[in-house]
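Across the two complexes that follow, chain A remains constant while its partner is chain B and subsequently chain C.
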Partner chain A sequence: MKRTFTKAGLIRAGIFFLILILVPIIGGPGWLLNTLIFTIMYAALSSSWNLLGGYAGYPSLGHVAFFGIGAYAVGIIFSDSVYGGYAPFFVLPIIGIAVGLLSIPIGWVSMRTRADVFAIVTITLLFITQTLAFNLKSITGGAQGKSVAPAPFDVSTYDWPFYYAMLILLAIAMGVSLYFRRSKIGLSLATVRADEDKAHGVGVRVTAVKLIAFAVSSGLVAMVGGVWAYYVGFIYPQFAVDPLITIGMVLMAFLGGRGTLWGPVLGAFILVPAQEYFAQAFGASQLYLIAYAAVFLVIMLFLPRGILPSIADRLKKRRASAAGDARDAADTPVPVGSANEPKVAR
Partner chain B sequence: MSNALLEVDHLTKRFGGVTAVDECSFTVEPGTITALIGPNGSGKTTAFNMITGYLKADSGEIRFHGETIARPRPATLYRRGLSRTFQQARIFPELTVEENMVVAGGFGPRELFGRRVTSADSERALTMLTQFRLDQLAQLPAGDLSYGQRKLLEFAAVLMSSPTLVLLDEPTAGVNPVMIDAMEQHIRERHAAGVTFLIVEHDMQLVMRLCDPVIVLDRGAPIAFGPPELIQNDPLVLEAYLGS
Partner chain C sequence: MHAFIQAVILGILTGGVYALMASGQTLIFGIMKVVNLAQGALVVLGAYLTYTLFTQLGIDPFLSILITTPLLFLVGVAVQWALLRPLHGDDVAQLSLLVTFAIALGIEGVLSFAYSATLTNVQPSYANFSWTVLGYQVSLVRFVAFVLSLVMLGALYFILQRTKFGRSVRATVQNPMSAQLLGVNANRVSALGFGLGAATAAAAGSVFGMLNSFNPGSHYDLISRLLTIVVLGGLGSIGGSVVAALVMGVASSVVSALASPIWSDFTFFIVLLLVLLIRPRGLFGARTRGAL
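Moving on, here comes the complex of A and B:
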């Protein structure tokens, strides 16, 4: 668990990103790149959500608010022209930092609540943002929506910049996850998730780490929203602050495994293509959502803690039963009375 | 000013109509192992929770090192040298034993961004774990430990911040006799090293062996205070425990 920088891990990440980098160059059917953009987008969103919802144990349901803010930021700044096409990408870090800072007071207030209450409080954030998008007509265009100046990219490689931008954001989100886990931020967050009151009691800087997680998580989500707005070209409140986006990032993290590095990515790479496939199969009706939910329910039924943690558990159990005797032998010369210490279940 | 380490001054806490702690005052002198005993529901744990900042007192004052603590918060008190353990042995089961120690060892805001467990952290943790004979379990998830071992781990962890006063909430409840002896031994060792203790405990034999003085709470207020021999024969105490 602790040594996350293993050789195998590096190779796995290397292969994963290498394949994704090569996909546009190798080419494939037209829909492939488009589907991958959304898959990677959700992987990035879910990984960012996981920083807060997974590592800190604060399941935000309002993260799409920051996604929408990022999208509107790009829409508002670049409503007339995009100065050579790549300008929105270069503005993204500023948007990310600004939204991250903006989210700190929000996080400070909302994280005074916990667990289910926190989830409800963050839902209100979603609706506040959507309402603002509807009503601040002079800057958001209200219900009429807002168009982003079209990107002047060559038709044959039009998707490439968006694709790579999403891929970079995914790499950043995963990089931050890895950094969290390997630093005392992650160690502190783990204590917050396990037992926040006890964490206070041993002097952990609970508020500081929670706010760090909240700000980084929201800032990253906002950057993804910015790329998305530029890609889709036209945004309106129900579209940019869509509860389905929030649900998507949460479900994917739950599916793959909350609080793991690859879980959200795996979840996205299962659910987004499944969603696209079902949307094709069932046409324009919303029926595809039922199939989408079915996939989710079936996996959660068999792997309730998410795919990766459940598999890890099983492997561990198998290994433990295989090496059981050896471990018992290694444990014997330990503390006074440890061998006959009964386990008290409480 | 007295030179008591901890002064509890007219502390009161009501839960609805029930007054759990009622104008409770007592002191803990430095260098003692003070026991806080009393029948169930006498307000021991509530008093603990107020002293350590987990519960807000309705009225009253707490002084630590002679300074009034205006807004007691667990984290600040811990950093100032007042640690506690919980009745149910609260540890972080997903973290390794070593990580449990490192977390409790305390680190500044800048170290947050540093490595999860540095070699210096590891060394510090191992020194303490060795004293508690938990060193061979350092890399196991703390959730794999037995209940008694968890109690030891929690105790060892709160010592990582070099506290001056440690509050133990039923350190031997639910553990086997061998482990009770081990716990007693560890408390004595730490006491010899200069740590002051305030202990809530139901095992009267242990209290009488280990603690001096003893404070007896009944219905939220102290009814007796003194060396264990005196307490044992105090009619008020017997009445509180056995009923008149």
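Moving on, here comes the complex of A and C:
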């Protein structure tokens, strides 16, 4: 698991981000930037979810609660004025840290349970948040929603700040993910995923690392939610705390490969454009609910570990059989639950 | 005081229906160690089937249980056979959980495609009839629904205690490995068990459709209540889920009557939180259950 930065990995990340940075400058059809904003948003959300659901093996189904909290934080603070337009972006880190801290007691209670029940508790968290958003009318505006003051950006480059904000958040989420993979935290999380009781028994500080993963993950999700709220301008409980956003995060991480650096990003770049296309082609939102369910089932049944780990396995096998080359691809993702997952014993 | 007792009566009657839904869910968990997140969606599916049978063919909602229950039993068996059994790998439990979630979404999608997202309910001619007993209102539908739930629970109890299938189910719940060694066909038990769970959802769904307004998205509300009930009762314990359903039925109805209906949902969340803090294995959960 411990690897230094590799040239191939750096080049890959460099090209990926360079292209994304250049897209608005080069320009293109109007829908492109809009679609990319949502794609990058989901990539960032899914990467953040992956910190907890992938590395620690705690599949949260309620992460959209933090997304909604972040969205409402921006909505409430900036309902009258956005002070020149960039103030919400500068406040985001504070929101992220605040939500991260807030999530620690929540994580502490919910992570007293293991996978199945943890999923239950997090779903409940989603409903608590949604119910509160509907009912605390004086703060959230209830079903009437809450609006953020319009951003005073130039029309021709209106989307740019939101685009780059999402891109930065994605870079942070991937950076944290990379750090997790290469640090003691990552190793500890891997032991939690493999066998929490044994890990605890041999002295891994399981509660601490779980809480770190939970807090970082939910703080990042909240920041993404904040940018989202500013971008769309209107926040309603059923959209800010939409179960579909949770499902999106989980689905994308599963599709690309959970517990990998690029898996969630790949999943988002496949699913979000596909979803936009189908929404355009068919119009009916019920259909994409069915499509989501179908994609989900297909992944679970035929590709339970996701695209990247499956490809990595195949490559590895081919290489091993071809030359017995010991030097393995340096950036092989660590697939969840695969046979060649490194045995971490401390 | 009058309002309080009225709320308790209402809560017990509602709790009976929840008990039916939750018993199916906890049964599925007991056998397969899978938390079935589609249970709420199956209830809503049952409600829509009843709605269609009632509005199109004029079949009485209570009678339609005789049709919906076997139908959803088959759906349950098919789901287990086609979608849950083929799962393999190290983290089957997590995958199964997410598969049931996907099933819930699929059902919601199909229902919102076939019907609209607007709230409906099943309104037979006697829907608003009620008796007055000692000054307290007892609605006919709720009372019959409660009795019916008891009958269904009794039938479930009979199946589990008195039939060969029931014995293999109980054996599987206690110790899957030994049960298989002694010749219990785990796949068959799982499929029939899932079917049985779905059947209880169907029966409860027919009743649910008369008691509540519902739309395809209603399963989210239902599942969060059901999960609270099964966790409170102790996952895998049918008796526990019945007790927990009655407790939660009364608690939420009392809160709704004395405080505000808005906060009745919160009773569920708060109870869930307290259970997890104080006694994570629930009221009647065994210490060795897989999930906790």
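Just so it is clear, the second predicted complex is superposed on the first by the 305 of 346 C-alpha atoms of A that agree within 3 Å, B and C clash if a C-alpha of one lies under 4 Å from a C-alpha of the other, contacts with A are read in each partner's own complex, and residues count from 1 in each chain.
We take it that a residue touches a chain if its C-beta (ideal position, glycine included) is under 8 Å from a C-beta of that chain, and two chains touch if they have at least 3 such contacts.
Source: prediction; values computed, not measured.
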Chain B versus chain C as contact partner of A:D197, first or second or both or neither: first
Which of chain B and chain C A:L187 touches, first, second, both or neither: first
Touching partner for A:G141 - first (chain B), second (chain C), both, neither: neither
Contacts of A:A119 with chain B and chain C, given as first, second, both or neither: second
Which superposed partner A:L61 touches (first chain B, second chain C, both, neither): second
Touched partner set for A:G248, first chain B, second chain C, both or neither: neither
Which of chain B and chain C A:V209 touches, first, second, both or neither: first
Contact residues common to both interfaces of chain A (with chain B and with chain C): 336-337
Chain A - residues contacting chain B, complex: 1-2, 181-188, 190-191, 193-195, 197-206, 208-209, 212, 330-331, 333-338, 340-344, 346
Chain C residues within the chain A interface of the complex: 33-35, 37, 83, 86-91, 93-95, 97-99, 101-103, 105-106, 108-110, 112-113, 220-221, 223-224, 227-228, 231, 235, 262-263, 265-266, 268-269, 272-273, 276-277, 280, 290-292
Sites on chain A touched by chain C in the complex: 57, 59, 61, 109-110, 112-117, 119-121, 123-124, 127-128, 131, 135, 243, 247, 250, 254, 284, 286-294, 296-297, 300-301, 304-305, 336-337
Residue numbers on chain B that touch chain A, as the complex places them: 52-54, 73-75, 78-79, 83-84, 86, 88, 90-96, 99, 102-104, 106-107, 109, 111-117, 132-134, 136-137, 141, 146-149, 152, 157-158, 161, 174-176, 178-179, 181-182
